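Encoded as structure tokens, the structure appears first; notes follow it.
Order of writing sets the chain letters: A, B, C, D, E and F. Residues in each chain are counted from 1.
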Amino acid sequence: MIQAAAGPPAIVPADTVWILVSTALVLLMTPAAAFFYGGLVRAKNALNTMMMCLGAFGAVGVTWAVAGYSVAFSGSGRFLGDTGFLFLHGVGLEARGSIPHLLFMAYQCTFAVVTAVLIAGAVVERMRYGAYLVFISLWSLVVYAPLAHWVWGGGWLATLGVLDFAGGTVVHVNAGVAAAVAALVVGRRKDYGRQAVLPHNVPFVMLGAGLLYFGWFGFNGGSALAANGSAVQAFVTTLLAPMATLLVWMALDAMRTRRATAVGAATAIVVGLVVITPAAGYVSPMGALALGALGAIPSYCAIVLRARTRLDDSLDVLAGHGIGGITGALLTGVFADARWGGVNGLLHGRPVQLGLQAIGVLVAIAYSGVMSLVLLRLVGLFIPLRVADRGQGVGLDITEHGEEAYTNGEGALLLLDRRTDPARRSAFATTTTDSTRERA
Amino acid sequence: MIQAAAGPPAIVPADTVWILVSTALVLLMTPAAAFFYGGLVRAKNALNTMMMCLGAFGAVGVTWAVAGYSVAFSGSGRFLGDTGFLFLHGVGLEARGSIPHLLFMAYQCTFAVVTAVLIAGAVVERMRYGAYLVFISLWSLVVYAPLAHWVWGGGWLATLGVLDFAGGTVVHVNAGVAAAVAALVVGRRKDYGRQAVLPHNVPFVMLGAGLLYFGWFGFNGGSALAANGSAVQAFVTTLLAPMATLLVWMALDAMRTRRATAVGAATAIVVGLVVITPAAGYVSPMGALALGALGAIPSYCAIVLRARTRLDDSLDVLAGHGIGGITGALLTGVFADARWGGVNGLLHGRPVQLGLQAIGVLVAIAYSGVMSLVLLRLVGLFIPLRVADRGQGVGLDITEHGEEAYTNGEGALLLLDRRTDPARRSAFATTTTDSTRERA
Amino acid sequence: MIQAAAGPPAIVPADTVWILVSTALVLLMTPAAAFFYGGLVRAKNALNTMMMCLGAFGAVGVTWAVAGYSVAFSGSGRFLGDTGFLFLHGVGLEARGSIPHLLFMAYQCTFAVVTAVLIAGAVVERMRYGAYLVFISLWSLVVYAPLAHWVWGGGWLATLGVLDFAGGTVVHVNAGVAAAVAALVVGRRKDYGRQAVLPHNVPFVMLGAGLLYFGWFGFNGGSALAANGSAVQAFVTTLLAPMATLLVWMALDAMRTRRATAVGAATAIVVGLVVITPAAGYVSPMGALALGALGAIPSYCAIVLRARTRLDDSLDVLAGHGIGGITGALLTGVFADARWGGVNGLLHGRPVQLGLQAIGVLVAIAYSGVMSLVLLRLVGLFIPLRVADRGQGVGLDITEHGEEAYTNGEGALLLLDRRTDPARRSAFATTTTDSTRERA
Amino acid sequence: MKLIVAIIRPDRLSEVLERLYRAEVRGLTVSRVMGHGGEVDQVATYRGLTVKMELQEKVRLEIGVSEPFVDVTVRAILESASTGEVGDGKIFVMPVEHVYRIRTGERDEAAVTPAGKLS
Amino acid sequence: MKLIVAIIRPDRLSEVLERLYRAEVRGLTVSRVMGHGGEVDQVATYRGLTVKMELQEKVRLEIGVSEPFVDVTVRAILESASTGEVGDGKIFVMPVEHVYRIRTGERDEAAVTPAGKLS
Amino acid sequence: MKLIVAIIRPDRLSEVLERLYRAEVRGLTVSRVMGHGGEVDQVATYRGLTVKMELQEKVRLEIGVSEPFVDVTVRAILESASTGEVGDGKIFVMPVEHVYRIRTGERDEAAVTPAGKLS
């Protein structure tokens, strides 16, 4: 309506506001993931896990601004962007669609960060922090950015007609596959299979799930890139799908173990959000409920089965995001409804869309799988990827960050190095002489 | 301004954005309540309490989409909606007011969820999870939806002239009364009155209060259903009232115990928000400060007195939401100011409004009280409502969800069932054979 | 664009929505700071620290509505506002710029609260709660409001040409200096320098940092007071700068101690946000990255050095906000780019701006330093500022609030006073007779 | 002098403390422990896994008493801590050579007598 | 009767419990403690400060056994808890005068025999 | 061999550890406990309720020493842990029959001598 009043490319304030808000919401998903993941690990690895998320703001965020955005969104190549937007050159306040170009870049930046962060869940409690940061930075450039180009940057998958509203394949299948590869390359945790590794703080997991639900409105709703009907539709399907997933998940849980677990419920909400992501702007609200309900099943089974395998995808990124993303992408080809956004899917008489979706999924799996493997091996040539068993025993918070998540009152439990000079202990109970430090 | 340019029912993008944001904010109130409530209980019931909140997304959310919305908002009946919107039939992207109809439904959906969740606070640490979910689903359909219809859906209370901007009676009085009834029907916790049950994590309570304050801007500000002056007014009164409540509450606390407590401060913020809810769009900013300040007193006294009674409304839902909602609804009839939205109240020479408000309150109390009782008895016929004393001793996290909120490092404390087969203990410290499970 | 269509002062809905959202976001920064600070102290002082933040909603919020706003934003005086807006008189829904005046007041209110809250970080674990609340209320009136007037209310610093987009000097330099003064006047913690006082909950610190990042979009992005290009620019520079700061900070950390710490990363994000605050609407996106990267260095060094001094600025408010604010204000004079908002700085051939910025900084330091000292001495005449050593040993949660942040399960550890009347212990394990209370 | 160490159920702590108070036992130290005995194990579920929690929460009491109080104390605990179900816990009576009161340096009997009794 | 108190590494707990089970030792109590011995200290960094953590996490086992079980138990722990690196911990064998089973009031031998053995 | 068990105030831990170090006592184990004695109770407020916290936070030290060290250790603790106010805590000296060093299997004296002393 307002758009109609404007000339060719004009900025619409309401659209701008919505994408400003959406960008902030997607940004919040990274700390949200930090809590979702951080609560699921043992206390001695909590900070490391959360730092794997927050650290991506630095590593991936800067990479994106400097180069990733250009790879994904400059030029009109079928396979790669050009160098036009390197160092954000030429990205200003002019319109891109109905919002300022710079804002579009920022919105995409928050996607790049949170996608890379998802991978962390598969390698927590054992991967070296430096190697991890280098890997996800490269990954965002070499794996994520090209895939984003193919689907959203006008590349070949978009041309082919693959539907991916907000990132089912680009974000979730992609990250899920990369995560499984990373789990394999980095190897199992030293205790895997011998001890039950229980979450140290389930309320944090629920906080993470709650904030992810909240932030995902920006992820899906904002993907309309305007405050229009499509945004509203995507928003509401994003609201409804996880509700159905949650209900089905609790039922499955109750059938299997007679109780609905809290970790299960938190997982269900995330899986519901993943499943609706590629479909958000293409299906009806009732379709969203159906999609959410059906989407619970593959991921639920995958999680139950994965625990019996030797694949230590520690926080089930493959089962949650990979399988969830595949389910969502395929079901988009089933439930897509032209009355609710573009094209019809299988259910509305157009089975070809399901095939197209399958192609999208296969391409993402293949590209992400191969390239992630190559990158990890490459990084592994220069930096060891894995913390030694002994360090895993101590916990990565201490080995990688020299900190503990929780220290109990009365710093009293901390003393000066007595061996070096007991007499010096008078004034300070702490020393700052770096030379006497030893690696734990 | 923009509205003027549009034909009869037209969608206004800025309004749409504001209600998108408001919906997301209200959604966040459910996890916020999970933390507010979850922090107040003992650690052994923390997950159960939080699941009572998050589980409502599934149970109440789906109920609302499938049927509740139709009961509340379809047709033009004085007492009940019709079946027009069952299964969201006919709820699309067309305008309802100046926003898409689907968005209006979603916004109301988040209200239904969070209202039902409030009840949890009265039955935590003892109600069976399944029975609870069934109860609140039915309750949202049979108690909440009709009341919403009467006040907001064009029903008889609206026609009568009862003011309830964002849900003082529909949400807070209603939930508060239902909570008290539920506390009575389910019965006291086994330890009630014998042991002091202290909050296990007060920072979580403060996190909950902070997020509720934030989310409530969507609750009250969004109730204008447009980005207009009324929204701004409701937003700002919502900002100011809790500030005054907090100040008065801390003063009362300091007078009574010489200290301002943190749980008290968190409670004060919520009570201030409750009090301003029915009045948000009808009173002046200074009126909001007065309302917030006065509103502290009845709830403060109710909480102090309740603790001396045998009514185990564990987290004081009646005192906080019920009494707070009543205070707010009545004071709306006192402070309402035609210059600031519609009609005058007692202070501005129109005492009749106070009477109308009283009617609204009494109707909500009566309807909610009776129907909640009936529903609980009904559910109780099929499912026991209460966890046995022994299970309460163990904690509901284990009995209802088979989990613990906090497990300390080194899953090492977990072993295989040795009695069945010690030899098998070689490889895995965990078993997945469901058949050997026993209920704690 | 839309603005062009409007008459002289007209309200623009999209701008209104953006400032509504921004106000909510800035409000959230206060609970965010509560977690950032609360996680850094010892468990026995966690609630007190968080209450220093949340209590400001009552103390400072009401002060602002009643008088502070008038001091800062009424009239056209060069040095002080007049009494025109006392008690919000005359502050209604009419336009101020393109948003309702009342909303502008509310937005500024959230700034006043969060600025005062920053000071808490310097006096935690020892300052008496009552004295603190009185101090920050007066401070917001006597120090913050005038400074806000000089820079944003049309006062002399604005006229001079000092740039401060969202509060580098008004908020951060101001609060940082006041904090250092407060640390000096209140004195060191009893354990300072003898024991290492470690953070009790680092995940809370990371939650705080995450929410601050999220809320800061309202702080900086909202400071454009419209949903225009300036808002987008400020938003995006606010996104980018902390990313660069984080990267540099982790590198500095790794160079100094061979590990990137989590507390360091959380601090880096906040410092990056502080540094970009004065510059947000004046520099290019690449300028923001440069500013963020450079801005890490002075604050990093200040934190390392401060720990070796006798100044117990417990949570490094001076180093983080004071030094960060100064760095940001000065670098604004370096990187300001007329193509990106107004005037040029040193790098673009206008060195005079750097001098102006230095004047702004010096004025803020001098005014805040002197006035904060006077106010603290004044408050100290009537109320002791400091909790006695013994109380510090017990912890301020108990002495100031009569609560503990975490109590472990089974309130069982709580018993009635046996000495007074063992026989009475039958029914209730808790007593409410205030007369028998004793101060710990 | 003896040190009585008792492992009890957390939910009996209240009663035990009360009973000890009545028996004029004033000084004691409490800690949270985990125990394994003949109890039925609890089951927890974590995503795909079902795990047994073989360690149950217990509370450990440590009470230094002079000889005449040993029997009184043991009896008080036996009576108040027992529920009759497996998992009630154990009491250990251990010899102590000396007890000191840190505040005054007093030794043995004097160290465990409540201050009030002396004046 | 003896009370065996063992301080071990947290990451050996699993093995120790398993070995004790095989040695037919069924009842025990576990708690988390912090220990200081000859271990190399860990280093933590907090903003400007580098601090040494001289106390390491350990687990404390408390096992009441009748005389014939003392050696068996000690040996089971020695074998399963040792890694050969400094910090493996200590075992203390202490005399106990009486043991009571709270549930039944049974004393001494009877109190530490698993219920199953009696029937 | 003796096991010295001391209950002290948390805020004296630092001083006690330092004094023990000077007394050449190198091995010890620390845990957090709650104690009840003659102390004035703390008061907490929770919404409508005022509750007494009859248990205070304390720290428990457990130190295995050979005979010649017993007095030294007790004296070191008495001197460094005392504040003169009610609630300073207690020391229990208990007999130990054997001590084992898990790492090496060494027994008694050898087990409590710091590794450095042997070489």
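Points to keep in mind about this one:
Keep in mind that, in the parts below, contacts are C-beta pairs under 8 Å (C-beta built on N, C-alpha and C of every residue); 3 or more make two chains touch, one makes a residue touch a chain.
Please read these numbers as outputs of a predicted model, since none were measured by experiment.
Ranking C-F and B-F by contacting C-beta pairs places C-F first. Residue numbering at the chain A/chain B interface overlaps only partly, since under half of the positions present are found in both copies. Spacing of chain B relative to chain D, judged by their CA centroids, is 43 angstrom.
Between chain A and chain C, the centres computed from C-alpha atoms are 31 Å apart. One finds 18 Å separating the Cα centroids of chain D and chain E. Within chain D, contacts with two or more other chains are made by residues 11, 14, 17, 30-32, 34, 44-46, 48-51, 54-55, 94-95. Of all residues in chain C, those touching 2 or more other chains are 2, 12-14, 17, 21, 194-196, 198-199, 201, 207, 257, 259, 261, 263, 307-308, 401-404, 408-415, 418, 429-430, 432, 434, 437, 439, listed in ascending order.
In the complex of the two chains, the chain C residues touching chain B come out as 2, 6, 10-14, 16-17, 20-21, 23-24, 27-28, 30-32, 34-35, 38, 46-47, 50-51, 54-55, 57-59, 61-62, 65, 87-88, 91, 93, 99-100, 102-103, 105-106, 109-110, 129-130, 201, 204, 207, 397, 400-412, 414, 427-430, 432, 434, 437, 439.
On the side of chain E, the complex with chain D involves touching residues 3, 17, 26-31, 62, 64, 94-103, 105, 111-112, 114-116. Residues of chain E that touch chain C in their complex: 44-51. The touching residues of chain E, when paired with chain F in their complex, are 2, 5-8, 31-38, 54-55, 58, 60, 74, 77-78, 81-95.
Per the touch definition, chain B reaches chain D in the complex via residues 194-195, 393-394, 398, 401-404, 411, 413-418, 429-434, 437-440.
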